[in-house]
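Two complexes, one shared chain (chain A), two partners (chain B, chain C).
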Partner chain A sequence: MKTVNKILLTGLAVLGLAMPAFAEKIVVEGSTTVLPIAQKAAEVYMQKNPSADISVRGGGSSVGIASIIDGSCDIADSSRPIKDTELEKAASNGRDIKAHVVAMDGIAVVIHPSNGINALSKSQVKDIFTGKISNWSQLGGSNEKIVAISRDTSSGTFEAFMELVLDKQKVRPDAIMQASNQAVATTVARTPNAIGYVGLGFLSDAIKAVSVDGIMPSKETVLTGKYKVGRPLFMYTNGAPKGLAKEFLDFVKGPEGQALADELGYVGLK
Partner chain B sequence: MKKLIIIAVLALLSVCVMAPQAKAGEVDLLVQKLVEKGILTPGEGQVLITETKEEVKKQIASGKYENLPTWLQTMKLKGDFRLRYQHDRHTSTDTENRARIRARLGVEAKVNDQMKVGIGIATGKVSDPRSTNVTLGQTGSKDSAYNTETPGSFKNIILDYAYGEYAFNKDITLIGGKFANPLWRATDLLWDSDLNPEGVAIKFSHKMSSSMDLFMNNLLFILDEDTTKESKYPMMGAIQPGMNFKISDSLSLKGAVTGYFFSGVEKRDTFRNWSTNSVNGSNYKYNYNSVNPSMELSIKEPLWGVVPSAAIFSEGVFNVSKDVDNARGGFAAGVKFGAEKVSNKGDWQAKLIYAKLSRDAWMDVFPDSDRYSGKTNMKSYEAALAYGLGKNTYLELDYYYSQSLSKVAESTTGPAGYRPAHTLQIDWNLKF
Partner chain C sequence: MMSSFQIKERMIQGIFAILAFASFIFLIGIVFVLFKEGLPIFKSVNVFDFLFGKFWYPTYDPPEFGVLPLIVGSFVVSLGAMVICVPLGVGSALYINEIASHQQKAILKPLIEILASVPSIIYGFFAMAILAPFLQNTFHIPIGLCALNASIVLGIMATPTVCSIAEDALSYVPRSFREASFAVGATRWQTLIKVIIPAAGSGISTAIILGMSRAIGETMTVLMAAGGAAIIPTSAFDPVRPMTAAIAAEMGEAPMGGDHYHALFAIALALFIVTFLFNILAEIISRRFRIKLGLSG
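The block that comes next holds the complex of A and B.
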């Protein structure tokens, strides 16, 4: 083989081996509510862009925001707005946190399918989760003790539920805390007298959503604001995103990413 | 065409949120109208409202919101008030009931992105830097078996703290002046919580991973300034390396070892006209260089979530100075359970602590003055219960049983014996 060709082939081989070194990598971390959107979007994006490397992990909204503030992730997923104290810490760390709304979510109040209750008012949901109502018979249901299932305190879903429904009152001390939306859904599905709350994307035939103040959670009612237990889902970046982070965010917010959010049961913005 | 409309709406929103008269509701109404008219989709409306609110919130938090004065955006006012009923019983006939108050008011202001200043005042007595309590009804001089007060010094406003702080970066902070104790303490065995050191401190912290961070707190405390004495500027230095380790989602461990170094204390006049440390005449007999390990194991929702949190904590102290006799060690251990912090209605926290401090384990001017008046050569049992009455207000019951470690001869300060003391405090606390 001619020397020139050998050199060219060697150069191509080296370049091929070195390609992974040039592949851009970003880390997306935070909310377990936003996690399915981030994971699916990352999967589809990387299929279309093989050189991209997007690592997605959960941990909760608070974990994600703490990571973007200390620089250990590129995009923070959050199912709640960033707090003033977190913004102050970000400012003192020299971080300019920018919010991107990537979808809407409704928090559905869910019960076991065998439970005859179909509708609750917001104040009834609040009374259940703060311990003022403890038996289904007080709501016209069967004479059974209510088993309340809640998210743990690092969860954005928990924070949003506290703010939107509980008026920041404490969850009843006997509530069973779960670390993820899926865990709440699974526990409610297995416990006939249970009541919990999950993001819309975690509804399934194994659990039943109840209407709140006469409105069932759906894409339309969440987007128009008729369903009052709704909230925006965020991805936060440090300043205006650049490079792969910008491309990934544009993908998530674009028509294809929003369609994925719809498919997953969230409320796309397009 | 739609893009031009959205750009115009964004510009209009920018004006609306920057104008001092604009309210958040007006922006929402505007966007709602545009959605109703079909100019914006509901999704676009939600994005506009939410992202604009987040941006304004960020600007206010970083002091860049142009329509509010910078000093207003960067200044924090805080304070608290405590009303206390205290019952002390030393013997069946020697009892005392007091109503006491403590009030603190302070401000913290951001000077620039790296510096801030804090100034605070509190009730208290100039003669006792460890206590910010004042007793209601006390006006003239008072003699009792255990307490002699100087007339005219009962209700003063003292300087609680005044400091400047410089953050080199997110890991290193320098503080100078009179400031909150920068050393982490697992208990109040060695330090009264009202005692704010005077000097300089350097705090270092670094997050090693998502489950571990390291810290190192360093303090130089100027204990006194008296040019008439041979030891004009007695000082204390402290170096405290430590770590925070998250063992699991529900278990975390914090630990530190503090080395204390004293200069100009040995053979100097005692800082008060009485002391439970060993003295030669009225001078300290020993130095108090010591080692102080401490730890706290925190558990979230132990016992199947019966309580929100629990913690086991302890610390020890050992005087390593030369020629100190056997009475050179001390320790405290305890457990607490309930809410991590009592800050809302219905929150509660219970605490049990045992403490023992030998005569020369530590200087007797620093420990918690509620526990046996802050003396050394004592052992003490404490039980406390705090209950949240509402946001930022709580009730606390605190009971101490304490006694001397060695028999004390009869004197003007009390009878012979171990001098047991019962103290009950009932506090109503309010913070803002």
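The block that comes next holds the complex of A and C.
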């Protein structure tokens, strides 16, 4: 009996030590805007490299950045630049955060397809989301209450929107809060009087994008800077990336990854 | 000198004692952490502004930490849930205990237990994907994600809790009460209303209080169903942001040790105190009820 136990234990120990060698694992966490790119790239990469294990999660840009500062993820997706306070926190944790731009994105202002409005000015969008305009009739639409759909504070899309459109003012307190780009898109698609904002990659036939100050959001207008509500998408690593993290990042920034981003509706880096 | 048998006995007793006290230790630990991490917020904002402030903007510069909308949100949704789970729960308990035949009882009781075992995220999903559009179309409201939406599913979720405890309370009422009532000529309905329910009154109150406790503490469902807007609702169709949903949505990104982090812990502390008080109340009432019926306390 005793010998058998010894053999079993040794076998398990060997397997346990060998396991890490079989599959390198990284965790990618953060922005729901970058999520589709990260997921698709991870899928394709893992198909080509079966020994790689890439785990992709959402949660919002702020969650991703908090994770990389804590050390609970390897790559943080973010649709906004890291803040100074976060960099300080990272430094105090002994982490040196490096930024990698992986794509460009525009934030489209979307409404329900049945809504007659097609164009809004930036100040109108700002007034809607800060609570100064509450009824579609004030914009030339029907006499219905505007349902503003916004993102929770962990969202990089929200932060970018707040800076670029709201001029850092507070979102109206009665805005419906959703946890991801997809949730906003779904809610707007289901709510005739809703207005929301999503990354370019989330546009679909179920919702309608309006032009902002006369420019419709599209890859071209974002790339040329004509559409003003645009921002770079980041992946942050702790120090220079190594191993699987480096290979994955190179893949995402390389031609294959960029083609995937383009397919998904984002603007590749050119 | 103790024999090895006695040493073993003592050891086993010791192990069981540790297990028994483990829950107590966890509770103390939780309370300690809540106070430790929650109280620092009151260095930055005074208690009155925190509890009664009307605006919850924790990530802006400068931040506003008024949790009144969150508290009111929790209460409104829980009260709405009570409107549903009390009639359903107590009514089911009455039916199962008094009126149902043995076969019906054998089916109904397990079914209600199964309702209790459905994961709360399924309720949340149901509320978001099916109930909200239904409410939107039926009542012609701007959006279905509102206090009513959350209340309805919370009510359904709390019903098995209320039903189980109320049914237990009813079953504790001695047969002699019933027999005495029939003996003086009361009908079954009169007996039910005037004798049984008052006798089980304390137990039914306990059931209701625990149901409310359950509703206030529910997180996933209200996160998905209530709309997330930190406002004081003026109608059942307004979106709300209960305390639990606020904590769940914001904890992931609140930098550790920052004001927002401490504020969230303070909300958690408030929530804990509320549910703790509810549970103590339920315990006190239930003790009185056991003594009243002559059962051991």
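Note that in this section the second predicted complex is superposed on the first by the 248 of 270 C-alpha atoms of A that agree within 3 Å, B and C clash if a C-alpha of one lies under 4 Å from a C-alpha of the other, contacts with A are read in each partner's own complex, and residues count from 1 in each chain.
As a convention for this text, a residue touches a chain if its C-beta (ideal position, glycine included) is under 8 Å from a C-beta of that chain, and two chains touch if they have at least 3 such contacts.
Quantities reported herein were computed from a predicted structural model and do not represent experimental measurements.
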Message: Given the alignment on chain A, is it a clash or a fit between chain B and chain C?
response: clash
- request: For A:Ser62, select first, second, both or neither according to whether it touches chain B, chain C, the two together, or no partner.
  value: second
- prompt: Is A:Asn193 touching the first partner chain B, the second partner chain C, both, or neither of them?
  reply: second
- request: Check whether A:Glu263 is in contact with chain B, with chain C, with both or with neither, and answer first, second, both or neither.
  value: neither
Task: Could you say whether A:Asp250 touches chain B, chain C, both of them, or neither, answering first, second, both or neither?
output: neither
Query: Which of the two, chain B or chain C, is in touch with more residues of chain A?
result: B
- request: Please work out whether A:Glu163 is in contact with chain B alone, chain C alone, both, or neither, and reply first, second, both or neither.
  value: neither
Message: By the touch definition at the top of the document, which applies to A:Val147: first (chain B), second (chain C), both, or neither?
response: second
Query: Given the touch rule stated above, what does A:Ala179 touch, chain B (first), chain C (second), both, or neither?
result: both
- prompt: For A:Ile97, is the partner it touches chain B (first), chain C (second), both, or none of the two (neither)?
  reply: first
Field: Among 3-11, 237-245 or 273-281 on chain C, the segment whose C-alpha atoms clash with chain B after superposition
entry: 237-245
Field: Footprint overlap on chain A, comparing chain B with chain C
entry: 59, 63, 168, 170, 173-174, 176-177, 179
Message: Quick check on the complex: what are the chain A residues that touch chain C?
response: 59-60, 62-63, 65-66, 85-86, 89, 144-145, 147, 152-154, 168, 170, 173-179, 187, 190-191, 193-194
Statement: Listed in rising order, the residues of chain C that touch chain A in the complex are 55-61, 69, 132-133, 136, 142-145, 227-231, 238-239, 241, 249-250, 252-253, 255
Query: Can you list the residues on chain A that touch chain B in the complex?
result: 59, 63, 67, 70, 72, 81-82, 84, 87-88, 91-94, 96-101, 104, 168-170, 173-174, 176-177, 179, 223-224, 232, 234, 258, 268-270
- prompt: What part of chain B is in contact with chain A in the complex they form?
  reply: 41-44, 46-47, 50-51, 53-55, 57-58, 61-63, 113, 167, 170, 207, 210, 249, 301, 305-308, 344-347
